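See the structures that follow.
Paired with chain B in one complex and with chain C in the other, chain A is shared by the two complexes that follow.
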Partner chain A sequence: MIRRALRARTAQVAVAFLGLVLLLVITGDLFAPQDPLAQDTGAVLQGSSAAHWLGTDYLGRDVLSRLIAGTRVSVFAALTAVVIGAVLGIVPGMLSAFSGKVATWTSLRVADAFLALPFIIFAIAVAGLFGNGLFQAMVAVGILIAPVYFRIIRAAALSHAGAQYVEAATLLGAPWWHVLAVHIWPKVLPAVVVTTANLAAGGLLVVSSLTFLGIGIQPPEPTWGGMLASDLGYLTQRPFGPVAPALAIMGTVAALNLLADAIRDASGDAGRAAEALRNPLKREVADVR
Partner chain B sequence: MTAVATPEVQAPAEEVLAPLDEVADLAPHSPARGVLIALGKGLAIAVPVLFLTTLITFALGAFSDQDPAAAVLGEVATPADVERMRHEFGLDRPFYSQYGSWVWNALHGDLGSSWFTNIPVADSIVERLPVSLSVAGLALAIALVLGAGGGIVAALNRGRFVDRAITAVSAAITTVPAFVAGIGLIIVFAVLIPVFPTGGYVPISAGIGLWASFLVLPAFALGLDASADLARQLRTGLVGSLDENYVLGAQVRGLPWRRVVLVHALRNGAAPAIAVVGLHIPRLVGGAVITEAVFQMPGIGQLTRDAALRGDVPVIQGALLVAVLLVLVSSLVVNVVLARLLPASGRAA
Partner chain C sequence: MTSRRRPVRALIPLLLLALLAACSGGAGGNSSSDGTPDPDGTLIWGWHLPTSWDPVASTAGQDVHALALAYDALVQQEDDGDARPGLAESWSYNEAGDQITFTLRPDLTFSDGTPVDAEAVRANIERGQTQSNSTIAAQLAVITGVTVVDELNVTFQLDQPDYQIPLLMSGKTGMLVSPTAAAADVDALAIAPVGSGPFVLTEYVPDSRAVFERNADYWNAENILLGGVELKPPPDPTVAVAGLTSGQFDIAVVPPAQVAAAEAAQLTVEEQRVFTVRTLDVNNTVAPYDNPLVLQALSHAIDRQALVDVAYFGHGEPNWQPFPEGYLAYDESLDDLYAYDPDTAADLLTEAGHPDGIDLTLTIGSAADQALAEQIQAQVAEAGITITIEVATPGVSNYISRQYPLYLDSFSGRESPLQALEVLFGPEGLMNLGRNSPPELDAAIDAARQVPLDDPAYAETLQTAVHTAVTTMPNTFLFTWPRLYVHGDNVHDWQHQIGTVRFEGVWVE
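Coming up: the complex of A and B.
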């Protein structure tokens, strides 16, 4: 599935870009040409130069270094949300394909209730209520994306729940976890992968929005969203300042979405459940953006 | 929002509706009956969802580590003072009792008062709602006009340059988040070509022109994404329905082409696009928070953000509740419109 997806040129570009981002996450500010926190009051709000490839911000800090150093926080926070959402959503989603009417109805209403909460407002609220931290906010986002996983995985599992081999396995006395792990899991795996890539992109946008608003981040620490916000105040002096962090955010989001599309296309029948994301009438989930 | 007409919920929805049909005494397939069914189905989902979200919203506040006594009295407060303050706010009562009175008061328009300023939450929200609704409403209008125009033009020119251009541009736009679009619009239309103000808000009473000039950029920033999605869905739907036999039939009967497209094909091809509008409404409400921050507008978003940074629980709860209500009501409206426009949508989904 993955190998077939990687035949597409767009997927190769996306993977290369994501690899670079991942490298920056691992190395942190190791490759940053300068100290991302070092201020140089003699050289504030400069354009590109040999010393500062992407210029300097309002305190004379090197933009490229801050961009590199900000990668880790932004990506980690997005991954936190996705992992929490996956843990809370995938197994219940598979289970609900087998559950009775009452349990199904109740779980779907609970999922609807969480999906009706606007992500950003909910994340801001939780960050505010449980101490101003990015981690708290992303746990909240993780809880909110769990129903997205739940809905998609449920839809994917539903078409296999009534299959004869599942019935046969149950009749032969296989316990429920065996049926899920051996018979259902391989069938829903493509949907899981596609959903994860899509939600990681959505999560990154939420992180960027929150850090842009100043939620959960202490000012000197660089984040992509925070850089956007601080550059916004100095547009008259440096009109193209926000372009670099904006491109970093959009590039990563676009790469994740392209990768998701390529995997969806490559996984054929099995990816159809995630296809529900594309067709709004059948769309069982609100994708996050 | 979720696709509201899932098969699982049809049984309870129909039970709710049986008496309604008798009362209304409608013909079995009249459009009004379809609308009533859609309304009933929507309510059967919206009401439990609303109940659960109020529970979530309230539980969040109740179990948070924010304490008004500590917040208001500061660190020098004696335990007795804190106890008295907690009693004053009703925080020493059991959870269900606090929740009950919060819901009861909310039903009467009382969302409590800010812990810090003592201003009633409902007043703050009513004061700021026009800002957020102006931005979100205008964004929705822009999305509908641009999206419908783009989608129809693309579908009528299928395969030609115009179609490919519109498709490519909308695909590009959907990758741009609202706040990046907002910053881009500020750079181009407020800094490089200073036509519009970089941010702020004036009420409509100061003059419609002035009010609109402050709203154009934020509304575009917020609405672009929805308009691109709408254009794509409308193009797909319309291309499909233009191929149908009834379109050919209408042409053969000599109906003017404009009528064939706008009445026959559009009505049948618009369903996915309308569903997309419904999906975008929570995003418009949530995205308005970010857009308000980019353009420094005093709306619900700013209220929520300031409250969150201070830990002002009643304000956060109130803002969250209003946001959820907006989402639920608008998705209900979309579903009813969908049912009216396309009687088969309820059966198909």
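Coming up: the complex of A and C.
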């Protein structure tokens, strides 16, 4: 499936871009041309130059170096939310395909209730309760992501739950975890991959929005959203200042979405799951039918 | 869905952003005309709508400027902060200084027709003292009784000799609200002010705008040259200049970073000296801030001029005390009290028992203070002070919770300098996070309170109190910063007030 997906030109570009981002996440500011925290108050808000390719910020720090250093925090935070959502959503989603009427009804209503909460406002509320940290905010977002996983994986698993080979395995005495691991998991895997790529993109947008609003920032550590916010205050001095962090956010989100699309196109079932992602309620209507 | 369209769609906001950036720096400026006052002209003023139009219930200090449109106070402040007659044309103290009698101007009425008389003053003071949501009750506690002498004379009995009362009566505390309106429906005052100020409210859309027209019955109406004022919430800093050039606002406050854009757009920038001063609130009951040497080291390690130059684009003055230069309470001997000197700072740290440096956490209220905090962090590192910057939990008021012992703050002053000292250093002062003060400071404030404002000794006793406060208390002052008003050339004679904004003499073409 992955190999088929990678035949698409868009997927190749997306993977190359994400590879670069991942490299920056792993290496941190190793490749930063300058110390991202070093201030030069004699050279603030400068445009591009040989010494500073993307110019300097309001304290004379090298913007390129800060952009590179900011990659790790921004991407890590988005991944935190996705991992928490996956852990809380995937297995319960598969199990729910086999659960009884009461458990199904209850779990679906709980999931719907969580889906109704807006990510960013919920994250700000959690930061208000548990302290202004990005980790707290992203745990909150992870909890809100879980029902998305739950819904999609349940929908994907449901179509295989009644299959004859699953019934045969159950009749032969296979325990539930064996059925899930051997017969269901491979079928829902494409949906998991597509959903993860989509949610990682969404998670990054949420991280960027929160740091843009000043939630969970840890000055002077740079974040993409934080850089975007502070650059907007100095548009007069550096009109194109916000472009670099905006492009970093946009490029990564676009790459994740393109990759998700390519994988979806390469796997039929997951395609339907991806549709459901856009409107989980639509899937619910199909379930009922 | 097609995967190819997505990146294109995602590009649209970016293109809009670039367009906005290009537009906001564009040339322009309000067109000039014949330069004569338009008696019907309305000034569109970008300033915060008040938390309540009832001065008794208003919860934000900055509300006073908006409230001054609808209300006049017993006393007004001069440009330099002194007291001048307002609704009261004169006042006098008794010999002991514990009674003050205000004489009102004759034949004044509130906008609902109720007379502005001694009875109205008594009703206002009593409402301020007793209303359950009053935010001025503490300031009025000094008044133990109000006696109506006759229609125009009213006497306040005080719990001690206190010559600050006229100044106290020049802020929200002294604004008179129609007692008829307050008795009819006190809650309605929050959205419908009934005062005797220079303007009368004609339309109010909460969070959007308040429209005022000139009050022909105002005692100083002949000096009100505007037909009206439309108050609108200030524009976002990034679009402030665009809002002013497009005529969305006639005048608005902008942050220092926008001054260059305003000047490039041919707008007039007026730098107004006001009370605002950046400061570090400190809780001296929490280690290591219980050691004055640590705070002196921190103060010596901060290059205030560099903070002004970089974070405030040169708009401001380094300062080591709560009042700006030129104000009566300003004590010259405090200049350069803790001059920038990393070596002295390091020596003080060693003396304080931290020869290898010290770790501190500096809390900021929002990302807006990030630049200033990051610059302080880098400066003090040279002296061996490692600062971790923390952003306060949204919604937390450190004045109440006092959970952050070192907090980057700003102080906006008070009408009475002693009231300002109480807020900053008094044992109940909001900005005194340790809620303690030495007896010599209480004595110095009390001594200043008992000197008449026109006594030649007043300035000196006041400055002594300031000196005592600054040298005994942990609050660390950084620099005073001006209010930066920007307007087109259709706005004339904008008044420079150190305190409340006033509109006498202001006119538009």
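Please note the rule applied: the second predicted complex is superposed on the first by the 273 of 289 C-alpha atoms of A that agree within 3 Å, B and C clash if a C-alpha of one lies under 4 Å from a C-alpha of the other, contacts with A are read in each partner's own complex, and residues count from 1 in each chain.
The rule we apply is simple: contacts are C-beta pairs under 8 Å (C-beta built on N, C-alpha and C of every residue); 3 or more make two chains touch, one makes a residue touch a chain.
Source: prediction; values computed, not measured.
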{"item": "Combined model on chain A where chain B meets chain C, clash or fit", "value": "clash"}
{"item": "Touched chain A residues, chain B compared with chain C", "value": "B"}
{"item": "Which of chain B and chain C A:L108 touches, first, second, both or neither", "value": "first"}
{"item": "Partner chain in contact with A:F119 - chain B first, chain C second, else both or neither", "value": "first"}
{"item": "Partner chain(s) touched by A:L205 [first = chain B, second = chain C, both, neither]", "value": "first"}
{"item": "Contacts of A:G131 with chain B and chain C, given as first, second, both or neither", "value": "both"}
{"item": "Touched partner set for A:D261, first chain B, second chain C, both or neither", "value": "second"}
{"item": "Touched partner set for A:T10, first chain B, second chain C, both or neither", "value": "second"}
{"item": "Partner chain(s) touched by A:R151 [first = chain B, second = chain C, both, neither]", "value": "first"}
{"item": "First (chain B), second (chain C), both or neither touched by A:A163", "value": "neither"}
{"item": "First (chain B), second (chain C), both or neither touched by A:A181", "value": "neither"}
{"item": "Superposition clash, chain B against chain C - the stretch among 6-14, 168-176, 240-248 or 258-266 that is involved", "value": "168-176"}
{"item": "Doubly contacted residues of chain A, that is, touched by chain B and again by chain C", "value": "124, 127-128, 131-132, 213-215, 229, 232, 235-236, 239-240, 242, 246, 250, 253-254, 257"}
{"item": "Chain A residues touching chain C - in the complex, by the definition given at the top", "value": "10, 39, 41, 44, 58-59, 124, 127-128, 131-132, 213-215, 217-220, 226, 229-230, 232-237, 239-240, 242-243, 246-247, 250, 253-254, 257-258, 261-262, 265, 278"}
{"item": "Parts of chain A lying in touch with chain B, wherever the complex brings them together", "value": "101, 104-105, 108-122, 124-132, 151, 205, 208-209, 212-215, 228-229, 232, 235-236, 239-240, 242, 246, 249-250, 253-254, 257, 279-286, 289"}
{"item": "Residue ranges of chain C in contact with chain A within the complex", "value": "1, 3-4, 6-7, 10-11, 14, 17-18, 20-22, 24-25, 237-238, 241, 255, 257-258, 260-261, 264, 306, 309-311, 364, 366-368, 370-371, 373-375, 377-378, 389-396"}
{"item": "Parts of chain B lying in touch with chain A, wherever the complex brings them together", "value": "1-3, 6, 8-9, 12, 45, 48-49, 52-53, 56-57, 60-61, 64-66, 175-177, 179-180, 183-184, 186-187, 190-192, 198, 225, 233, 271-272, 275-276, 279, 282-283, 285-287, 289-290, 293-294, 301, 304-305, 307-313, 316-317, 319-320, 323-324, 327-328, 345, 348-349"}
